[in-house]
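We just call them A, B, C and D in the order they show up, numbering each chain from 1.
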Amino acid sequence: MSVLIKSAAYDPWQVLADFQQQRFGASAAYGATAVFTGTMRDFNEGDTVKAMTLEHYPGMTESQLEQLIDSAKSRWDVIDCLIVHRVGAINPAETIVVTAAWSAHRSAAFEACRFLIEELKHNAPFWKKETLGDDSERWVSENTPG
Amino acid sequence: MSVLIKSAAYDPWQVLADFQQQRFGASAAYGATAVFTGTMRDFNEGDTVKAMTLEHYPGMTESQLEQLIDSAKSRWDVIDCLIVHRVGAINPAETIVVTAAWSAHRSAAFEACRFLIEELKHNAPFWKKETLGDDSERWVSENTPG
Amino acid sequence: MITIRYFASLREQLGKEQDQIDSADNMTALDAWNRANTGTKPPDNILVAINQSYARLDSPIGSGDEVAFFPPVTGG
Amino acid sequence: MITIRYFASLREQLGKEQDQIDSADNMTALDAWNRANTGTKPPDNILVAINQSYARLDSPIGSGDEVAFFPPVTGG
């Protein structure tokens, strides 16, 4: 499975190690791996953020992310991709998202990895609600570019 | 230390986990991490490659890589970078290189990470010698673009 | 029967997670919204999914479909 | 005294890792090469470092310097 939805804190590096071992074992077919990890910060738009809740649309989320991987595979010469995304209650410094691409070529790996995170941010049905320093809550209204 | 020269096989994900823990601990200052890993393939230019030896220029290598990180930090809004590179005798599927960049912003992380691997390939004093399927040896004459 | 689902800030504003409505001939996603939320217009930036794929307010729907309405996504 | 170092395929072709030569006034890296490798021209694509920083064949060198010659790099 190349799409993982996690409802508890996870170590992104361990997930990458496990996926790579399981998917490739001792094979030397790929030469290049590009990875992005997104981590929850303790600030946003000038405010302290104490905690966050990530809502998603179960079912549609997984199918959207699988479509993104199919799309990346059709556009670039990548062997496989991985997307991991957290849902539920999250604390600062915990990992929200991982996107990764394995290829024989580094440009394909980089471009596919970046495509996955950009498209995920614009299309995958996740919504963030922040708990601020004064315990008030607010929905994040939109993702920032870049 | 943000530059590591490794003379034995290493787990890139473990090195990343250790560096991130040591450098950032439970801090939530960064939001974006971009990573590239380069792995030894068992083929090159149409030939089977059984093993490889990586020679380097001790001293100059480290100072070149530290200069690359300084340069990335001056060009992009990155908090820190890591470069790990293997030397000595290497087998297929072992990790040769890791470049990584931590930033508050994903575009800075991606661009700095890619800059590090591209510049490393063109400037850092490493040289690869391949052992082919028939036990003959050849020096890799130049790096391929992209 | 058509199932209508609401997510995130829209779910909180409406105070409900889902509606079940009867289907009719030639219905669109907007018709479903209007039948379930009489007198309330959908927000300008609303997103629509039919059977868990992106669609539009004027996309046709029929019996057994799941229609979802939600605000701009903010994952990653 | 000037130390000259050779790496990778160039080291193997020359059959030596390093030379020690006496310094002289107004020497360049190329002068050091020529003194240590009489009758052999440096390869066209040779790279030069002086005291572990990139330099050129016409860069000046002096007593105590370490000059290195090597082929195009192939790390990463």
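We adopt the following convention: a contact is a pair of C-beta atoms (placed from the backbone, for glycine too) under 8 Å apart; a residue touches a chain by one contact, two chains touch by 3 or more.
Since we're looking at a predicted model, the values are computed, not measured.
*Asks:* Following contacts chain by chain, what is the lowest number of steps it takes to reach chain D starting at chain C?
*Replies:* Graph distance in the chain contact network comes out at 3.
*Asks:* Using the touch definition from the top, list the chains contacting both chain A and chain D.
*Replies:* Correct list: B.
*Asks:* Would you mind pulling out the distance in Å between where the CA atoms of chain B average out and where those of chain C do?
*Replies:* Roughly 49 Å, centre to centre.
*Asks:* With centres defined as the mean C-alpha position, give me the chain A-chain C separation in Å.
*Replies:* Between these chains, centre-to-centre, one finds 27 Å.
*Asks:* Quick one: chain A and chain B, Cα centre-to-centre, how many Å?
*Replies:* Centre separation, chain A to chain B: 23 Å.
*Asks:* I need the residues of chain B touching at least two other chains; which ones are they?
*Replies:* Where chain B meets two or more other chains at a single residue, that happens at 38, 117.
*Asks:* Hey, what residues on chain D touch two or more of the other chains?
*Replies:* none
*Asks:* So which chains actually touch one another? I want all the pairs, not just one.
*Replies:* Per the contact definition above, the touching pairs are A-B, A-C, B-D.
*Asks:* Can you tell me which positions in chain B touch chain D when the two form their complex?
*Replies:* Checking each residue of chain B against chain D gives 38, 54-57, 59-60, 63, 85, 96-97, 117, 120-129, 139-143.
*Asks:* Show me the residue ranges of chain B that touch chain A in the complex, using the header's touch definition.
*Replies:* Within the complex, chain B contacts chain A at residues 11, 13-14, 16-17, 20, 24, 26-43, 92-93, 104-107, 109-110, 113-114, 117, 146.
*Asks:* Would you pull the chain D residues touching chain B in the complex into a rising list?
*Replies:* Residues 5, 7-9, 12, 49, 52-54, 68, 70-76.
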